[in-house]
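In what comes next, subunit A is part of two complexes: it sits with subunit B in the first one and with subunit C in the second one.
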Partner chain A sequence: MSIFLRNWQSVLALALVVTSFAFLPIVSSGAGGTSWPIVLLLVAGAVGGVALGNTVAVSAVLFIAAHGAVWLLLSALTDHAGRATPSFWLLLAASWLLAWRLVTVLSAIRTRDRRTDILLRLFIPFLFGAWLLILWEAIVGGAGIPFVLLPPPSAVAARFANSLPILAADVNQTIFKAVLFGYGVGCGAGFLAAIVADRFTFMQRGLLPIGNLVSALPIIGIAPIMVMWFGFDWQSKAAVVIIMTFFPMLVNTVTGLAAAGHMERDLMRTYASGYWQTLAKLRLPAAMPFIFNALKINSTLALIGAIVAEFFGTPVVGMGFRISTEVGRMNVDMVWAEIAVAALAGSVFYGVVALAERAVTFWHPSIRGG
Partner chain B sequence: MTDRFRDKLLPVTVLLLGIIALWYAGAYAMNAPFQRDLDRRAGETPAFSEFFVRTMTQPKPTLPAPHQVAQNFFENTFLRKVTSSRSLVYHAGITLSSTLAGFAIGTLLGILIAVGIVHVTALDRSLMPWIITSQTIPILALAPMIIVVLAAVGITGLIPKALISTYLSFFPVAVGMVKGLRSPDVLHLDLMRTYNASRWQTFWKLRLPASVPFLFASMKVAVAASLVGAIVGELPTGAVAGIGAKLLNGSYYSQTIDMFSALVAGSIVAALLVAAVGLVGRLVERGMGGRPA
Partner chain C sequence: MTASQNSVVEARGLGLTFDTGDGQVHALSNVNLTINKGEFVSFIGPSGCGKTTFLRVIADLEQPTAGTITVNGRSPREAREQRAYGYVFQAAGLFPWRTIERNVALPLEIMGYSKEEIGQRIHRTLELVNLTGFEKKYPWQLSGGMQQRASIARALAFDADLLLMDEPFGALDEIVRDHLNEQLLKLWARTEKTIGFVTHSIPEAVYLSTKIVVMSPRPGRVTDVIESDLPRERPLDIRETPEFLAIAARVRDGLRAGHSYED
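For the complex of A and B:
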């Protein structure tokens, strides 16, 4: 009994496949010839997943069964959008259950080999993301959801590939002009202000509560004012980004500068090192984890600030401009393509900062440990 | 008490006064060119003191002086009827309602996701990396599309805005709760095992109480994010009502004073929300027997 309990996904998948026999074919307009390979694949996957003992063999069988079946299901939908029968949904659910079983099997693997471990760490979330897209595509196609409401990922990808020059121009305007400039100036100013605040205790006592308060405020609201002051071009967006990134940097750096321990500071004093020497050799390195925390928070804030500021007025280029105008024209696939670009840019930005953090704070336990 | 005054209140007050002085200086500097232009056209050459006063009393200044904002804020908050569309209380109330709705749903969703991640290994390995990645995505860019697309299928009003707030507020809660639910140390978990406690009992009696401080810390972040989401969500609706709409309206008609007082209103709402969450957190912790550190 316990073997079935442990493999409940496979058992349930099998039950769904059997139930789906009652509603064949999978699309309501003839063309039922393709459904048998799907059923066979799913049955083989479900049975093989339970019967085989070897983890590698089980994963391989589940992988091929789930993805082969769902690929056939999706290709059956071409030209038959919106005409899925209950059988289609049951088979889709069955292949999803097999994929879930696959993830469960993979997650249970404990390996000592470093490379396999990293591969698994990347592959499992990748599977999850892929299935998110697969289900999105299948549900939009199968239920015939109107294009305006939610375009299928395939259409978004096609639009993405077809409008690369427009997207590149938008990225150039929003990210390379507004975000990077604002991010650099904002973080730099926040850092310098923190050093000044650190030099004068009075400033620090006053700035920390104010900085903490301002960090919680909806600073994004200054966007229309900045657009009014600095015009429609990238300067106004950079100004928004500067103000948004300033306070997190200030608060985190001030906190970080207090992070060095008493022992280390006393040691520096026994070396007769002055304020600036202690700052450069002890306290700034000790503050680096906090500073990088702020840099990471700011990488997201900067993108949000620039894009939202563009909703208030831009020249006819830029990611926020494109999103707001294409929404108005109901070109939803273009909007999704732009959001994909924003997501990609945001992740790359964050990734670069995280890599720099690994390189700079290599001594920190959180990095040494992992 | 005097220590508290010297260490905290005095520096903050001095700094705030400094900021206000800087603000006045900035208002003079930014409004002066336009005022000079006006005076030249009117053929007047006012004395400096007169000129200074004029820069502070423009109807549509580039940077309104603090007292102008304060006066506008006072008028629109206390002197108008709450139901009037010019009342800031009315607009703040509308923004607040979608903020709170989104915050409530987002917090629940975040807690549920965290419970799932802590208890199901498959979810932990597959979903957690995506939650962290999604933090790096400028999700606010989705706001206009959610609003317009939902309006196209006939869903308008509170729900789309609350949806954006939900989106922004569930990440901090989920991440904080995962940390919190995992915060009991091995010793305590082992103790639960020696009691032969089931997973369910361990969850209710150990993990959940241990996660409460983390929950409230992340809820503070979430409620601020939720307010930002509600404000941005009001922008594409065509400026009907709410603090975001007030900002957009102000920017259409260059009503800088209105915009600044809307900003002040938003900031006060944010500060009140964060303070309220902090207060509830402290009450809950005291109710659970926590001692102030």
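For the complex of A and C:
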């Protein structure tokens, strides 16, 4: 009994396949013949996944069965969008269950080999993400959801591949000009302001409350004003990014500079260490975890700020400009392609900052792990 | 005030009162004490007796509110600015982003020693505390006892004749502590420094010191100063001898006397 409980995804998949016999064929106007390879693949996968003992063999069988079946299901939809029968949905659910079983099997693998471990750690989330896209594709195709509401990922990918020059120009305009410049200046200015606020108490008393106020200003309100001040090109977007990133950096650095312990400060005092020496050798290193916190927060804020700011006037290039105009022209696949680019760029940006953090604050308990 | 030629610390009528929200706290009251060159002076007493506060006054980390104190014949502030002492805190307080050798180099960098000089001193002081071979380790990769030894090396790295230690071994287990006490005595013999040492352990105070200052709380004051006549060369088993036990008994009596008015 326990073997069925452990393999409940396979058992349920088998039951769904059997149920689907009642509703064949899988698309209401197509020929029934194409559905048999799908059924055979799924049955083989479900049975093989339970019967085989070896983890590698089980994974291989499940992988081939789930992906082969779903590939056949998706190709059956070509020219028959929106005509899926209950049988289609049952078989789709069965394929998905087998993929689920595959991820479960892979997640349970404990290996000592570093390379296999890294490969698994990358492959499992990849599989997970791929199935999100597969289900999206199948549901949009099978249920015939209108293109303007939600285009299938295949259409987005095709649009992406065909618009590389446009996307590259948009990335260049928005990320390499507005975001990077604004991020650098905003974070740098916030950092310097924090040092000044730390050195002169009246600055800290006066600047921080105003900082909190300004950081609460709505970006929607600021962006058009910045466009009026600095023109339509990327400079006005960079200004919005500077305003958005300045205060997280200021507040975090001020907090971080207070993070060094009393004993360590007393120690520096016994050495008759000056303000700047204590800052460089004790307080700034101790503040680094806080500073990197701000850098990470700002990496996301900067991207949002630049894209939203482009909604309020821009030359005919830029990610925000593209999103707002292509939505107006019902080219939602282009909008989704632009969103994918933004997500990718944001992840890379965040990842680079996080890697730098690991290198700089390697000593912090949260990173050295103990 | 007649400070003799070889007195390092000279306190006369020293008092320190903290103003807290609950009123005044008399941390130190009318403390008179002389620490001579080359002495090993222990401060012992229950918590709140002001032994740490007194050490911090010597180090110019607290300001007295009454009386006078001189360190090397100057004010504590001048002495601190001339880097007259090394201070070892209750915890090692090593910077986790620096390796052991960079931690030892910290005071030397601040005081502007040359690169070669820093290298030599790191080598010498780490050898002195038996940490050779751990130069490239980070503090969090070492045991508590080794970390505390590294912090002692850091205090020894520059040329201060006075070493102030505030319960440096308080957080360590007894075996490690015995070992470090033994090493500290050897180190004291080799370097001929003057040491001020705060502790709440009677055996530790008697084993280490040439002079034991017994203190009592509320207000913090000196109740007894015991000159130890034990030889300078002290193996660990000296703690079983009648001479040792006699001094320990006197310290215990002094501590009890300080407490008696509370009963």
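The rule is short, and it goes like this: the second predicted complex is superposed on the first by the 350 of 370 C-alpha atoms of A that agree within 3 Å, B and C clash if a C-alpha of one lies under 4 Å from a C-alpha of the other, contacts with A are read in each partner's own complex, and residues count from 1 in each chain.
Just so we're on the same page, a residue touches a chain if its C-beta (ideal position, glycine included) is under 8 Å from a C-beta of that chain, and two chains touch if they have at least 3 such contacts.
What you see is a predicted model, and the numbers here were worked out from it, not measured in a lab.
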item: Partner chain in contact with A:307 - subunit B first, subunit C second, else both or neither; value: first
item: More subunit A residues in contact [subunit B versus subunit C]; value: B
item: Which superposed partner A:124 touches (first subunit B, second subunit C, both, neither); value: first
item: Partner chain(s) touched by A:216 [first = subunit B, second = subunit C, both, neither]; value: first
item: Touching partner for A:97 - first (subunit B), second (subunit C), both, neither; value: neither
item: First, second, both or neither for A:347, with subunit B first and subunit C second; value: first
item: Which of subunit B and subunit C A:269 touches, first, second, both or neither; value: second
item: Subunit B and subunit C footprints on subunit A, overlapping residues; value: none
item: Subunit B - residues contacting subunit A, complex; value: 7-8, 11-16, 30, 62-63, 121-122, 124-130, 133, 135-142, 144-145, 148-149, 152-153, 220, 224, 227-228, 231-232, 235-236, 243-244, 247-248, 250-251, 254, 256, 259-260, 262-263, 266-267, 270-271, 274
item: Complex contacts: residues of subunit C adjacent to subunit A; value: 59-61, 80-83, 85-87, 89-91, 93, 95-97, 106-107, 109-111, 138, 140
item: Of all residues in subunit A, those that touch subunit C in their complex; value: 261, 263-264, 266-273, 277, 281-282, 285, 288, 361-364, 368, 370
item: Residues on subunit A engaged by subunit B in the complex (per definition of touch); value: 100, 103-104, 106-108, 120-121, 124-125, 127-129, 148-150, 202-207, 209-210, 213, 216-218, 220-222, 224-225, 227-229, 299-300, 303-304, 307-308, 311-313, 319-320, 323-324, 327-328, 330, 332, 335, 338-339, 342-343, 346-347, 349-351
